[in-house]
Structures are given as structure tokens and as C-alpha cells.
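The first chain written gets the first letter, and so on, giving A, B, C and D; residue counts start at 1 in each chain.
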Amino acid sequence: MTTHQTMGEATSDAVAVRGRDLSHELIGRITFTDMVALEIQAQLPGEQERRILDAVLVALTEHGLTPTAVVARLTDLGAPGALQGAVAAGLLGAGDHFLGALDGCGRILQEWPEEADPQAHARTVVTDMRAAGFRIPGLGHPTHKDGDPRTRALYALADETELPSLTRDRLDMLREAAEEASGRALPVNVDGAGAALLSAIGLPWQILRGIALVARTAGLVGHLWDETSRPTAAALWAAAEAAAPYRAPSTG
Amino acid sequence: MTTHQTMGEATSDAVAVRGRDLSHELIGRITFTDMVALEIQAQLPGEQERRILDAVLVALTEHGLTPTAVVARLTDLGAPGALQGAVAAGLLGAGDHFLGALDGCGRILQEWPEEADPQAHARTVVTDMRAAGFRIPGLGHPTHKDGDPRTRALYALADETELPSLTRDRLDMLREAAEEASGRALPVNVDGAGAALLSAIGLPWQILRGIALVARTAGLVGHLWDETSRPTAAALWAAAEAAAPYRAPSTG
Amino acid sequence: MTTHQTMGEATSDAVAVRGRDLSHELIGRITFTDMVALEIQAQLPGEQERRILDAVLVALTEHGLTPTAVVARLTDLGAPGALQGAVAAGLLGAGDHFLGALDGCGRILQEWPEEADPQAHARTVVTDMRAAGFRIPGLGHPTHKDGDPRTRALYALADETELPSLTRDRLDMLREAAEEASGRALPVNVDGAGAALLSAIGLPWQILRGIALVARTAGLVGHLWDETSRPTAAALWAAAEAAAPYRAPSTG
Amino acid sequence: MTTHQTMGEATSDAVAVRGRDLSHELIGRITFTDMVALEIQAQLPGEQERRILDAVLVALTEHGLTPTAVVARLTDLGAPGALQGAVAAGLLGAGDHFLGALDGCGRILQEWPEEADPQAHARTVVTDMRAAGFRIPGLGHPTHKDGDPRTRALYALADETELPSLTRDRLDMLREAAEEASGRALPVNVDGAGAALLSAIGLPWQILRGIALVARTAGLVGHLWDETSRPTAAALWAAAEAAAPYRAPSTG
């Protein structure tokens, strides 16, 4: 039986998604979050999985005026009427630097060798990454120095839904090793917490960035609609142009 | 009080979205679909609104191997490891031709003059658009000639949740006028049904395309994850290249 | 003979482009500007055409820290190592508002009815566009109020190469009609001059935006390389964030 | 003196690019290829450099119906009238897999230790890359098994302009080592030849992909203009859909 693997297929009187009848089994019966899970995992999530996925999606949707939001607004200024272009431009900045932590942290948590001494493994990971010049993904935050409030909220839900703590425990050992090595506090940030929770519900680390892209698309659509009632792009451009360091007068 | 209009803002111990505390009021307490509505409408949806929005998002997520999915898969072939680029490329094809029907149909339904004779207005719209060479958005489907099964599912939910029928009624008058003018069946398709339902829950027509982009991002992420386990891009490329009409041998 | 229409085709020992042998007829024998013309017009340009196309491409390459350059730099900040993504994001803002003038002005110049009284036609175009709320494309500039220096340079080359003046004459009548209607100086800007010259060498108005995209890609690549030695993206982001009008504290 | 580093700056009566007056020194006086070099290298190229850069740009412009061209055409089908979106989508596939060879090969040639035995170094590079599972960039071609005709044309120009042969010699040693290790012919392909020549004129390896993006933008604009007169996107889509392996009937 391979039908369940088919992404989507249309006949004259039905559309099937992952082997399920879209009109009779899905529309009106499942939430969009269920659909996100179905698209990736080829099966509907349970109550626990859905609540975790909902929470992570909610946590990643809106981060204020990040570069991705600035980019979407500036793109709309130059190419009005092509919403998909402004959203696409914004998503293009959601790459290794901004969303990579989700993948990177999820990879560490998922490739953790079960047979190893976990604390020793955590120290090895930290030592190796620091030697290679990398920051440990999922830890630390420039604004939330005393702990990311979104992490607390996500972890509270994980406790409430009795989500297995394995990946959170691994992340905590990673945090301890990183704090010991760097000599400063590196609390688990929202990317780290998201990686731990999504790993615990079985999402492969390679696709964690995709979850963030779904959330970010909603955030960008929100910003672009906000732009129509409170245009900021021209002011953003003027500020950026005025700030450009290389526009300083020649010094010689 | 303008705080409620702020999209997102972070302080050292809190993140606010649309004036609500992300960690205490939103994460773990609302669904992602609620968050989509909050981003655009600056307030949380009621039960009815959420169910309608869920259903439309579910209906628009996966359409099989559409050009947007082909584009995302081919882009991943050339630029592996940059998921955001493949998703962005796919979204760029979600423009006037593929998603425009949602906007276009929503606009007709929302700009409908209340004081006019509705059937006369429907005929005027159809006549004007046909004269200008446009198809009526939201009507007809190349595959689902006897009615789009997704429309039936969406309308059933609208009935079940007792959604006001005003926009569906308008769309039906539009359908009758279009069928009369063209002499053939033009059932309400999923874009038309989506436009009618999203209009009924108060979403402005200008942002309807954005709802589809959120759904489509989830669909593209699904296709890109599917591509890792069952690669199709090379076969898609070979088929496309072989089919290119201009590769036919020179005729003279 | 249809071979000349083939864009490109590879056999084991040759690559043909528009019916010409890439290795024996093109590489090392023509300039890239010739190749741009060959791609679009399916034939190599003459000396006059090449010089005009070179001049317009040079004029459109670099405009300082425009939104497209800001977008490319911010995208690179979030997704380093994916140059194609940062360039693509920048190009997405090169739409109706920023490059549309080239298309729009070219269209007016190319669809000008030969049999009409040209000054009367110019006044009609201006009246109609103003009534519809549009600015006249190709005229006026926020910085270069006394005339765009690039226009003077482009026109000087047109004179030097004895380019037919028909489209420039039409644009001048359009300028006169627009200045009369608005009561202020609206000198021909670089988009207008580019549209007039590219129209005079036979490029269809529908593709004029494409010429600008080629030039702008070179400009964005320049900005992105500059970003590696003099990073500005973080400062641009900080300035944009600080300037966001909606970040002002709540007023009550 | 830092003015020469300024990318672009506009005052009311002049535009400066890299410290040069755009209107008086550049428009009508330099070719677009000169401008590409000026944008990246902050100085105008000499005759030799310009001819090499022209030749590489010409060689990289058009490769027939590659995935990037298919993507651009399919995007235009879904979002007509947004040329920048279709070009951007196409460029997004010009990533590590398709253009990475240019960067990767250029990096090897530019980071080659001068003090080492060159043949021993070539063997070390080949051994290390093969051990890591990578192909050697710039070598071999699925279609041009007996040698890439574009390489011959580029090398002929390099000889004609008396370009220093250092990077070509290094690439040849790399080819020998790779052929020895793999036991099959791996001729220098157009990416390898381009990397060798662009390295010889002083372009840093990090920006070689940018040169290809400029060329490819011209190619995509050509394809999109061709699409307007000979539409192929619908046929490409139909062929891709029919070929999708996962559409095969369920087997159980």
C-alpha cells in the first residue's frame, strides 16, 4: 500500500491528501495545525502533538520588526500589489542565521548517541563547536538575558501535556556545558525550546525550519496588511539610508 | 490607547503581540489559526470564525503537483540546503493567475452595493468582466466539472456553524449570471467558496491572498520534505525538457 | 527555418544559442551586452544598438542605498552563504513602483498612434492618467529637480550615434503636457530616457523591465560583495527598528 | 581617501558610483561589462580583463531549458505581469548545486598554497574531497563527455589575450589527479574554465557566483520574453505532472 504516501491527487469528484479524502475527512474536521502535521508526517497528530505544534507555531509567528519584516515592507513599497513577492522576499532572510538555530539545535538533540554518557557528550559537542567558531544553537538571547519568556511558556505546556522530557534534558545538559565553557548565562531561547519540543513529537530536524517558515509567513502577511493601514516602509528606508556608514563624508 | 495595534514588541522579560503577552496569553492557550487571525485582525477570533478559517486553510494547503510544487522541488534540486529559497520560489508562482481568484472574487463580494438589485448587479459584473476579457473569479474548474467537492465541504461547515449566507448568496447570483452568459455550468470552486467564507468572517479582500500563502507554505514544506525521501525533481526536469515544444527539430 | 528561434540547445560537442554556435561564434567574439540583445531579440545588435543598450544598462546599475539594496543586505544578514537568495530578494522589490516607469513610459511611446496630432495625443494621455490617479511614468525626480544628469548623458549619446529622435520627441511632448497640467517642472528622468532610447532600438515595452533587472542584478551583487568588507546590515536594521513609527510608546 | 569605496551616492545634479561621475565618466563611455567590474572591484578593468569577463558572462548566459528556466516559465504562468518574481524564482535555483562549482573551483584555485608541490597538493585536494563524498568542482559534464566546447573557446581567448596561465595550470593538475583517482575522463567544464579565468583577472572566489547570476538574469529574461510568443509553461507543467513517480497507481 503506497497510497498513503501520495501528497495530493485530484480526480473529477475528489481530492486526496496523503491518502485521505480532503472534502470528507479533513475540511471542517481538522485544524490547520493538524494539516501541517499531516503534510509532513503523513499522519494526523494526537492531541498532545497538536497542542505542542500549535504552541511552537504561535511562538514563532511574530517577532516585531525583524529584518524579515523590514524586507517584506520595503519590497511591498517597490512592488505593490504582489503580496507573494513581498512574503517571498521576507522568507529569503529566514535562513541559516535566523532559523538555522532550530535545525542546528534539533540536529544535536536528535543525533545524540543513546549509549554515551550524556554530560560528557554535551561537553564534547560544546568543545567541538566552540573550536570551530560556532555558537551553540538554541542558547542565549541578546534581549532576554535572564531567560526567554517564550521558553518558559513552551516548557510549561510540555509539562502540562506530559511530553517526554528526553530532548529537554539533553538541551539542559548542553546549556550547562555551554555556560561552563563560556562563563556566562546562556538560557534556552525560543529556538532551542522549539527544537526540543518538536523533536519530542517526532519531527525530523531537517524540516524544523519549515515549521518556522509556516509561522513566519503568517507573521509577514500580518506585517504587510499592517503596512496598508500604517505605512512604515518609506520611513524605514529613510532611516536605513541615513544610517548607512559608508555615506559618511570622505575623510581625505 | 494605541498599544493594541502594535504588531510585536520585545522587552527583556516579555514579548507582546498586538498588545497581548505572547508567553502568558497566547503560547499554549490559542491555536495557530487563532494566531493567524490575531496577526491580521488584531483580535482573537470566536469559535465560528476559527472553525471557518481552519477549514479554508485546510482546503488550500495541498493541491498535488501544481506548478508551485514543481517549482519548489526544482529549486531544491539546484540549491539544496536552502529550504527558505525553495519555499520562496514556490510562493512566487502563487500570484494573480493562481491565487488572484481569491482576491478578485472576495473583492466583488465585498464591494457589492447594498442598495442595488442583487441579480441585476450580478449580471452587470458578469457583462463588464466578460467585455474586458476576464473570467469570473471563483467559478468553474477544469477537473471538477460537476462541482468542486471542497466547496461542498466548506459550505456544509458554513451551514453547520450558522455563518451568515450573504456572501454565498451573492456568489450564487454571480454564478447564475455567469452560467447564463456563457451557456455552460460554472460551479463555485474552492477559491470562490474560500472568498465567500473568509468575507463572511470579516477578512478584507486585499489580504485573502495572504491566507492562501500561509496554507501554501505548509503545502510546499510538505512537498520539500517528501522530496528528500522520494526525489522527483530530476524526473520532473527531464520530462519538462523532453516536452519543450521549441526543441522540435528545425523544419527547414 | 525555425532554428534561429531556439533559445539554447546542447549536443555532445556544441551548444547553440538562438541558432548560433556558442563556442565558435559568440564566446570571445561578442560582448555581454550583445548577448543580452541576442537573448531577447534573437539577433545581434549593430554598433548603434549596442552602444545605446550599454549606456542604458550602465545608467540603471547602481542607485546607491535604494530599498532593493537594503533588502539584499538585510537578507544576507539572515541567510549568509546564499547569494542567490539575497539577490532574488532585492529584485523582488524592483516591481511596478520602482521599475514600472520603464515599462509604463515605453508603452506610451510605443503605442502612440502615428496618425494622431501628437501634441493633442500627449494631452489626452496626461489627462486620462491624471484622472485615474496615476503619475506620468518617466517624468520628474525627487532629488534631481532641475533635470536628471543621467538623462542628459543618455540623450547626448543618442545624438552622437544619430539615433532617430521619434520616441524622444514623443516623450518631450508628454513632458510639456504634464508640466502644463501640473504647473511644475517634470524633467525626463532616467527611466523615461531609458524607455525612449530602448524603444528607439526596437526593444518591446513589455521587456524593458527585464533590461533593468539585468542591470540591477549587477548592482546588487556589488552591494553584497561590499557588505562582506564593510558590513552595514546590522546598522540598517537597528536604524529601521528605531525609526518604526509604531514602536512609539503607547499614548494613553 | 575613502570616496572610491562608496557604492553610489546621489546629489541634486550628479550621481557618483565608486567615486566616479556616472553621467560624465561612465554612461556612453564604458560598456556594461566594465560597469559589472567597477561594481565589484571598485575600478575599471583593462582591455584584457574586460574581454575575459565578457567571454565568461557570454558563456554562462544561456544553457537551454535548465531547471532555472523551467522555474521562471512556470512562475510566470501563475503570476503573470510580475517579471521580477519570475526572474527571482529562477535565480533561487542557481545555488550550491548549479553555481556552486564556480565558487568551489575558484576557492581551490585561489587558496592554493604557493609553497607546496602543486601536483602533490592537487592529489591531496582530490583525496580529501572524495573522502568527504564531494565531486571535484569544475570537472566533468554529463553531455560534453569529450570536453566542453565552451572551455575550449574560453581557453583560446585566454591564450589570445596572454592571460597568465597559473590558475589554468592548477586546474589542469586538479583534473589529472581527479582522473587518476576516478579512472575516467573528467574534462574541465565551463564552470571550471570560468573559475580559472575569473580568478586570473583578480575576482575573489566568494563573488564568482554573482557573475553567474548577472549572466543568468539575462538568460531568464530571454526565456520569459520567449514565453510570451511561444508559451511552453502549460506543456512543461503537464509533462512534469505526468512524469511524477508518485502518481503511479497504488500497488497494494
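The rule is short, and it goes like this: a contact is a pair of C-beta atoms (placed from the backbone, for glycine too) under 8 Å apart; a residue touches a chain by one contact, two chains touch by 3 or more.
Owing to the predicted nature of the structure, the values given are computational and were not obtained by experimental measurement.
Novice: So using the touch definition from the top, which pair is joined by more C-beta contacts, A-D or C-D?
Specialist: Comparing A-D with C-D, the pair joined by more C-beta contacts is C-D.
Novice: For chain C, which other chain has the most distant CA centre?
Specialist: Looking at centroid distances, A is the chain farthest away.
Novice: When chain B touches chain C, do the two copies use mostly the same residue numbers, with over half shared, or different ones?
Specialist: Result for this pair: same.
Novice: What is the distance in Å between the mean C-alpha positions of chain B and chain D?
Specialist: 37
Novice: For chain A and chain D, let me know how many angstrom lie between their CA-based centres, rounded off.
Specialist: Taking the mean C-alpha position of each chain, the two centres sit 32 Å apart.
Novice: Between chain C and chain D, what's the gap in Å when you average each chain's C-alpha atoms?
Specialist: 23
Novice: Of all the residues in chain D, which ones touch at least 2 other chains?
Specialist: Within chain D, residues 5, 7, 9, 64-65, 79, 82, 84-85, 88-89, 92-95, 226, 230, 246-247 contact more than one other chain.
Novice: If you connect every pair of chains that touch, what shape comes out? Choose line, ring, star, complete or other.
Specialist: Its topology is that of a complete graph.
Novice: Which residues of chain A touch chain C in their complex?
Specialist: 64-68, 70-71, 74-75, 77-82, 85-86, 88-89, 92-98, 226, 230, 232-233, 235-247
Novice: In their shared complex, at which residues does chain C touch chain B?
Specialist: 1-3, 5-7, 9, 79, 82, 84-85, 88, 92, 246-247, 250-252
Novice: Would you mind writing out the residues of chain B in touch with chain A in their complex?
Specialist: Touching chain A: residues 5, 7-15, 17-18, 22-24, 26-28, 30-36, 39-40, 51, 53-55, 57-59, 61-65, 69, 82-85, 87-89, 91-95, 99, 143-146, 149-150, 152-154, 156-157, 160, 204, 206-207, 209-211, 213-215, 217-219, 221-226, 228, 230 of chain B.
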